[in-house]
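In the two complexes below, chain A is the common chain; its partner is chain B in one and chain C in the other.
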Partner chain A sequence: MWRYIGRKLAVYLLTFVVAVTINWMIPRFMPGDPVRSMLSRASISDPEALERMNSYYNEVFGLDTPLWQQYLSFWAGLFRGDLGISIMLYPEPVIDIILRSVPYTLAVLLPAIILSWIVGNRFGAFAARSKILDNTILPVGYVLTATPYMWLALLFAWAMGVVLGWFPVSGGYSYSLRPAFSGEFVWDLVMHWFLPFLSMFVVALGGWAIGMRNMIIYELEADYSNYLQALGAPRKLIRRYAFRNAMLPQITGLAVQLGTIIAGALLTEIVFNYPGLGSLILDSLTNRDFFLLQGIFLFVVVGVLIANFIIDIVYVLVDPRTRVQMTGGAA
Partner chain B sequence: MTDVAGATGADKAPAPEPAAERRFSETLHFARRNPKLLIGSGIVLTLLFIGLIGPFFVGDDPNAYVGPQSEPPNGEYWLGTTSFGQDIWAQFVYGLRSTFLIGVFGGGVAFVIGTAIGFVAGYKGGIIDEVLNMITNVVLVLPAMVVLIVAVAYLDARGVFVQGLFIGLTSWPWAARAVRSQTLSLATRDFVDLARLSGRRTWRIITTEVAPNMSSYLVMTFILLFGSAILIAAGLDFIGLGPTNGVSLGLMLESAVAWSALQLQMWWWFIPPGLGITTLVGSLYILNVGLDEVFNPKLREL
Partner chain C sequence: MTLRVKDLKVYYQTLRGDVHALDGVTFDLADGEIMGLAGESGCGKSTLGKSLIRLDSRMRHVGGSIELDGKDLPIADDDAMVPFRYHEISLIPQYAMSALNPTRKIGRMINELLRARGLRPADIAEELERRLELVGLDTDVLNRFPIELSGGMKQRVVMVMSTLLNPSLLIADEATSALDVSTQRSVAESMVEFRDRGYVKSMVFVTHDISLVYQMADTIMVMYAGRIAEKASTSTIINNPQHPYTQMLISALPEVGSTAEETRLEGIPGTPPGLLHPPTGCRFKDRCPMAFSKCNEQPPLLEIEPGHWAACWKTG
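Our next item is the complex of A and B:
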């Protein structure tokens, strides 16, 4: 088991190094002079502030030192928790801005991922090998996975927000309210949260349902299912065994799909102008605030790595075979 | 009275045809009877046709200000106009064309990288497999979209091909994994061993012995990569990292949101592009299921 986890950790560590290296390389090796063009395009009127920032970035990039030294000092800065200073909200550190947005993104992302996974798996298991359900859930599932996240978000915002007026379509809370722990404010938060959550949930649902349906069909063809059937076991029991086996690839699938779902969350947030990382990315792009953009990139990568590791541990807990193989049979 | 059903047919049996031809006609037989395949490919081909032919009928510049502003769909402007008086139908057909382009190009790059790595890793095994597997896992864990956002943001001028190239470079890992596991199971077969004994080069064995035996699998892999490239491109376009001065379905969505079509209730501005993407990618997926059923006897519904 420790071997397994150790291997996984090695991959994640390597991924982190690669991500940081990409982050370091892109501004330096892209055509043109990004620092100069970034500063010239950033809308700063005060010449003194511009001068200060200019010298700051020259120092940060350390453009007069050799490359390997730049690379090492980049890492050193990273370990101090220093992701640079934002241009958009100068002189606020990037890390503070990001940390302010993360709760909103997580609030939409986590429930959407977990609930869609559970509900989708149930639907899929239900649909497998029952003609009518299968013929409806399968096409609907495929169309849902083919839906761009932002488009469904737009449709929901239009139908339930603008036309019916049930939910607000913009922002994380009403601007008339001050953040506080009052009932009114929490209710307002929930109302603003609901539509982004719902559209994410619905798009993600389809993929899980299809995956589960295919896995169940595969499992029902396995020898143990046939054997149970021959013994006269009730249909429900066989299905329960099949479901438990089919869960395992779905857990792995969760890890693989994570990147896509996060991208979907970012796009959904942009539609609803929800104050999470997605809107922050859009802001940093329009303001050409590359420090903020790269900070968000690192943050998302670290988040994905942590989530992957959690999923790995869950997998070990759920599947007894990994435990046995990794301790006993590993060569 | 001892006439067996099969016996009468025996003297009318057709002349034996070559095995390859028989397999082909058998595949065709099931392909023609598979509703998923027929419907899916029908829709995809229709959209392709619109994307290919449509631009010749709507004028040269889909972004030109041709009509009245904020007009709902009517006889003259089939899908209405934007708040600047651009013809949405014209944008749609041009956007459809570039959507196919990005799908073919982005999906193609991902397909080439993914299959190459998958074949080599699965066939060679050993240390090469370990290294390639490590690379695949690293790229797999990196969230492709976010990498793309950072990389593309630094480019000043962006075209469809650059976008496709970047999408291809980040979305190949699962294809590599799938191809690798298929190759692994083929690499130990007798006919591959024979080919190896005959002293042929590795890439010759891969292209003549291994690849043809998983051709249906490769086709399906390409279709999935094609679909996901379209979705990723639409996402990039939507956050404003699309091709500069271009037209695409994602860019239409972006400008619809940027000019608050939502608040103005101009549904004709944001529904068609999204519907186009969803229909295209959805039919690709359904077509893929159909193909799977045709090629894989276990899944055939008889």
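Our next item is the complex of A and C:
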């Protein structure tokens, strides 16, 4: 068990190192010297600031130090939490900007992923049980999974924000308010959070429901279900087994889907102008802020890796088969 | 008399019409009898086995009756059959390799099943362990997951599990087909032993392989295209078969008792008739070397000597 976790950890670490290295390489080995053109395009009027900035980037991308030294200092900076200085918001460190946005992204992403997974699986299991439910949930589910994140987000923004006016459609909180730990501000946060969350949740829901329904039907036709039925076991027992066994591929599915979901979250943020990483990517792209972009990607990669690792561990904990194989108990 | 099947008709409903998989099957099974059920692929052996315990959703009981220990089996009524299942009738499925829930420890799964059937696992625990040991398994298998067991071990676990409540009738559908030859033999021996100890009263053993049942079965019943061709004691079927189909089946065996694969049932030229629109008269007539004009009528299943039944105009 621990050996397995150790091995997984090693694989994830390796992936991390590769991701960081690629991240480091891109601005350095890309043709056309993107860094320099980025600097020349940076709209900074103060010549003194521009001078400082230039010398800073010269230092970081300096030609006077060998590549391997640059690479090592990049890693060293990483461990100090130093991802460079933003151009867009010069001279704010990239890491500060990112850390400011991450809570917003997580606040939308985590509940959306976890709740849609749980509720979707429940619905799917329900659908597998009755014809009527199946005939309603299934088409709705298919429509939902086929819906692009962006489109549904726009639809919700239009319907519930513009037409009905229930929710604000832009920003993380009202500009008229100052961030504070007051009831009013928190309520405002929640109202702004709701639509991005809801559209993420709804799109993901359908996929899980359909997956679960199909898995359960498959499990109910599995040999062990047939055998138990022939031995007169009540439906309840057979369903319980089927549900549990159908959950396992759904956990794997979560790991597989994670990338898509996160991409969807970033798009959703852009639609709602929600101040998370997604909007930040858009901003840094329009401002050609390479350091910021690089920092965000690094963050996203690390986030995906951590999430995948957690899912891996959970899977091992719930699937006895992998556990058995790991302890080498197979006869 | 343990089991009495009378003129049983079970059809599969398909889009193209009814498949007459069992079309008037009649036989008796005595207390303590192990009956081998043989015949070409598609003749209805599995259908008969399933009809005795649980019809699947596409099967329809069209006619006839089944009586077990004097009680009528309500085979068309899934819920009414539940009390009989496991307690009175049990089965060892063909897919014994995958019959156990992969994510439950075997002991826990058995206990959950027992509890669901209204029994106290603690009352049966001792007997369960005794029987596991009897078939040569360590009681430690109860703490293992199915994946940790070999095919032969799973087969034995299923055998013990299926017979734990001492059913009157055990149906074993190709129960040993997936095993290697020596494991096949020891599982077959265990089955006979279970019968001898009274763990099961009687047994229907479905197989392609007459040479396997011949060592363990008391009687053999041969089916052809949804009907009974012949039923008699094992030695009669092997040494003195009367029905032309049985005769060809037996002579197609390379050598009784040997275990060379295949060839066996392929020795008969022609193919069995489709069961969607079965022909009238004797269903074997297209392939029968002895067919004559009378064979256009359906031959009745008659007892040509005590305990020896055959359905052929030539044997009547």
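Basically, the second predicted complex is superposed on the first by the 319 of 331 C-alpha atoms of A that agree within 3 Å, B and C clash if a C-alpha of one lies under 4 Å from a C-alpha of the other, contacts with A are read in each partner's own complex, and residues count from 1 in each chain.
In this section, a contact is a pair of C-beta atoms (placed from the backbone, for glycine too) under 8 Å apart; a residue touches a chain by one contact, two chains touch by 3 or more.
No experiment lies behind these values; they were computed from the predicted model shown.
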Chain B versus chain C as contact partner of A:317, first or second or both or neither: neither
Chain B versus chain C as contact partner of A:228, first or second or both or neither: second
Which superposed partner A:157 touches (first chain B, second chain C, both, neither): first
Which superposed partner A:110 touches (first chain B, second chain C, both, neither): neither
Contacts on chain A seen with chain B and repeated with chain C across the two complexes: none
Residue numbers on chain A that touch chain B, as the complex places them: 11-12, 14-15, 18-19, 22-23, 26-27, 30-32, 34, 37, 138-139, 142-143, 145-152, 154-155, 157-158, 161-163, 169, 221, 256, 258-260, 262-264, 266-267, 270-271, 281-282, 285-286, 290, 293-294, 296-297, 300-301, 304-305, 308
Residue ranges of chain A touching chain C (in the complex, touch as defined): 222-224, 226-234, 236-237, 241, 244-245, 248, 319-321, 324-325, 329-331
Residues of chain B that touch chain A when the two form their complex: 134, 137-138, 140-147, 149-151, 153-156, 174, 227, 231-232, 234-235, 238-241, 250, 253, 256-257, 262-263, 265, 267, 270-271, 273-275, 277-282, 284-286, 289, 298
Complex contacts: residues of chain C adjacent to chain A: 53-54, 81-87, 90-91, 93, 95, 98-105, 112-113, 116-117, 144-145, 147-150, 153, 158, 162
